[in-house]
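One chain, chain A, appears in both complexes that follow, with chain B as partner in the first and chain C in the second.
So, the complex of A and B:
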């Protein structure tokens, strides 16, 4: 079960489970995080206040992953610059769906939210890998994919077994039969660097 | 300009990419104001200009959203968590008219109609990108 509610607020159960769950990366604990009041990064994120994304010290990282060294992701920013993202026992990972850090690959795109550490890394509270949320128009519909126009570019959307659709503001359904060519569609999904297509997690069409 | 605390609007916010980026977002460009960046605390407002309003038409959903142009500053607060981010308007959007009646809820309280788009940096400061939408209060 996904422990996050539909509004993206981590549930109390999820917070507690994160703290109690063994490290996905096997001992990624960072010791001596003075920026977090002397706590290590894992413990800091497990504590109630540090999960508040509005904390003043929150950092954001965007870019492509150029290397993975242990539990650290090397990230090249799209506007230049370089960042190092430290995965911890409590980092939540999304890649098509909530998952674990072992699915992260060099070449993936990334958004990460975390806390700056004294060593220059960003200890991640959450990383979203290859996530996109595109304003598109449906140009074609096939059995396992939809063809989308995004600005002046065409994007192929791969339909997954659990792709959901929302029609005119209503709730999510597995019924994709009401998609129509020409409709505006917001596509939440995951970009595939290998072929530049997008795995469609949720497609929302308007009026 | 500092972020204020005077209530301006409430509704749904989604997120979008702009500026230099990867994947399909790489071609998004700098938005209507020319300086939108995914990695900055930026946002898109459906009445950033008359031309913008003619595209987004929030009035068709009963949202008589006031004009706030490029460079306007807003404080955006998650309806339930209280997490807040200060943003600068750098683009036009979302197309509110396409989503009339759409609601996003938390703790049993819902906000209706898409009235704001946030960059990934701004959206992730108050919620999780995988949720796609958040119910928010907007201040200036």
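So, the complex of A and C:
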């Protein structure tokens, strides 16, 4: 993706990107890496309580979407209960990749983090749709999918153009040719309700 | 051909029953796998399940012997049919009451009850009925047309093998491994393998001091990303300030588009907050106050 489009006439989105790029490059420079945790797709599974003060006030919602009314998602919790999730224009939506709220459908699984509102809804900061994190064994490898065994279940993992792999705890790469049949693999992905397969976002082996 | 098949059925059935019976009656795995079977659920005891499995195994061995020794008599065939019907009933129960439990059919498998288990039990039932009605002995059939008999036996053995869940472990995985070895890895040379995936940039960011510094402000996951002049810009949303002073901001990170977690050296990340409404930079001095951290230099 480049910060210009093909016609030469900058669109509204491109103009905003250009403005934000200038702002980002004019910002403070911070050097250094540390072994701190993240807030992205993996954060949906963070078991430990975060030290981040913003997180302490948040609440989590998890379940299947039973209805969409305007910008409110009706969610039936998987262990009973019911919740209403309010989407805002700064809510981040993850469904295989960062995307917009239009792709959310009734029947999708959902994991959301947000702030409880006085009217009983949860104003979502971040919504992860159909996210799954599976401990699997690779049973077969084909051109556009991998066959995985998760417990006693056979799962088909669809390989996408931007599927990443991590080998032995190293950084993510798009090179998937080092996967072997019989390896145990941690798969972060998005479940497809239509055919019960999983779109593989990240596959970690030798972890 | 049909008479040949019915004539040889006792031989095939005896082979199947001898194999499953031997694994159940004599196999060392029975004690280990019995608690996972639907039978243990039915009898609500693993010890009793082991006893019943062992007894069934001996019964199968006995039936196999009878099918081989007395093919002219209707009794072994009828008994086999009863056994097959019993298996079908048990599988139906297991499927309904404990869908996750294994069937214990050959005692060496951990797989749950599937269509294959039903097909195998149905074959035992049908085969038993056919064998009970047959009047030819299998050695007659074998003697009359030895080549055709060999073909029928081979096909029958293949069908029974295909209906066994052990097939996957014994045959399927080695076959798939061999295919990869012969035809090459199907996932080699996918397009764009050189480029660092966006997820890798996000991973690098989330392990950085920049992320640590901004974590009280960032509220969303990744909203948008794009590359510009070698920089990869990652856009998050957040809230800056407390209570009345809280303002929605866009949190922007710019980092080297070719850097990942395995790239040597410290990552350089540029950070800024931009007011979501006015577009004015927010709290620039707060970010500049973050201490620069560098990895310790190696002493030569």
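General remarks:
The definition used in the following text is that the second predicted complex is superposed on the first by the 150 of 207 C-alpha atoms of A that agree within 3 Å, B and C clash if a C-alpha of one lies under 4 Å from a C-alpha of the other, contacts with A are read in each partner's own complex, and residues count from 1 in each chain.
In the analysis below, a contact is a pair of C-beta atoms (placed from the backbone, for glycine too) under 8 Å apart; a residue touches a chain by one contact, two chains touch by 3 or more.
Please read all numbers here as calculations on a predicted model, not as lab measurements.
Of the two partner chains placed around the shared chain by superposition, chain B and chain C are both touched by A:152.
When both complexes are overlaid on chain A, the residue A:104 reaches neither chain B nor chain C. In the superposition on chain A, contact of A:129 is made with neither chain B nor chain C.
In the superposition on chain A, A:184 contacts chain B only, with no contact to chain C. Contacts of A:175 after superposition: chain C is touched, whereas chain B is not reached. Touch criterion met: A:202 reaches chain B and chain C at once. Of the two partner chains placed by the overlay, chain B and chain C both lie in contact with A:94.
In the superposition on chain A, contact is made by A:79 with chain B only, not with chain C.
When the two structures are aligned on the shared chain, A:142 is found in touch with chain C, with no touch to chain B.
Residues 52-54, 92, 94, 98, 126, 128, 152, 201-202 of chain A contact both chain B in one complex and chain C in the other. Listed in rising order, the residues of chain B touching chain A in the complex are 14-17, 19-29, 37-39, 78, 80-85, 93-95, 97-106, 120-121, 124-135.
If you check the complex, the residues on chain A that touch chain B are 4-10, 52-54, 58, 60, 62-64, 77-79, 92, 94, 98, 109, 111, 113, 126, 128, 130-135, 150-153, 155, 166, 168-169, 184, 186, 188, 191, 193, 196, 198, 201-202, 204, 206-207. Contact residues of chain A toward chain C in the complex are 1-3, 17-21, 23-41, 43, 52-54, 90-92, 94, 98, 125-126, 128, 139-143, 152, 159, 161-162, 164, 170-177, 179, 181-182, 201-202. Across the interface of their complex, chain A is touched by residues 100, 110-112, 168, 172-173, 176-177, 180, 185-193, 195, 197-200, 202-204, 206-213, 215-228, 231, 233, 235-237, 239, 248, 250, 252-254, 260-263, 266-274, 276, 279, 281, 284, 287-288, 290, 292-295 of chain C.
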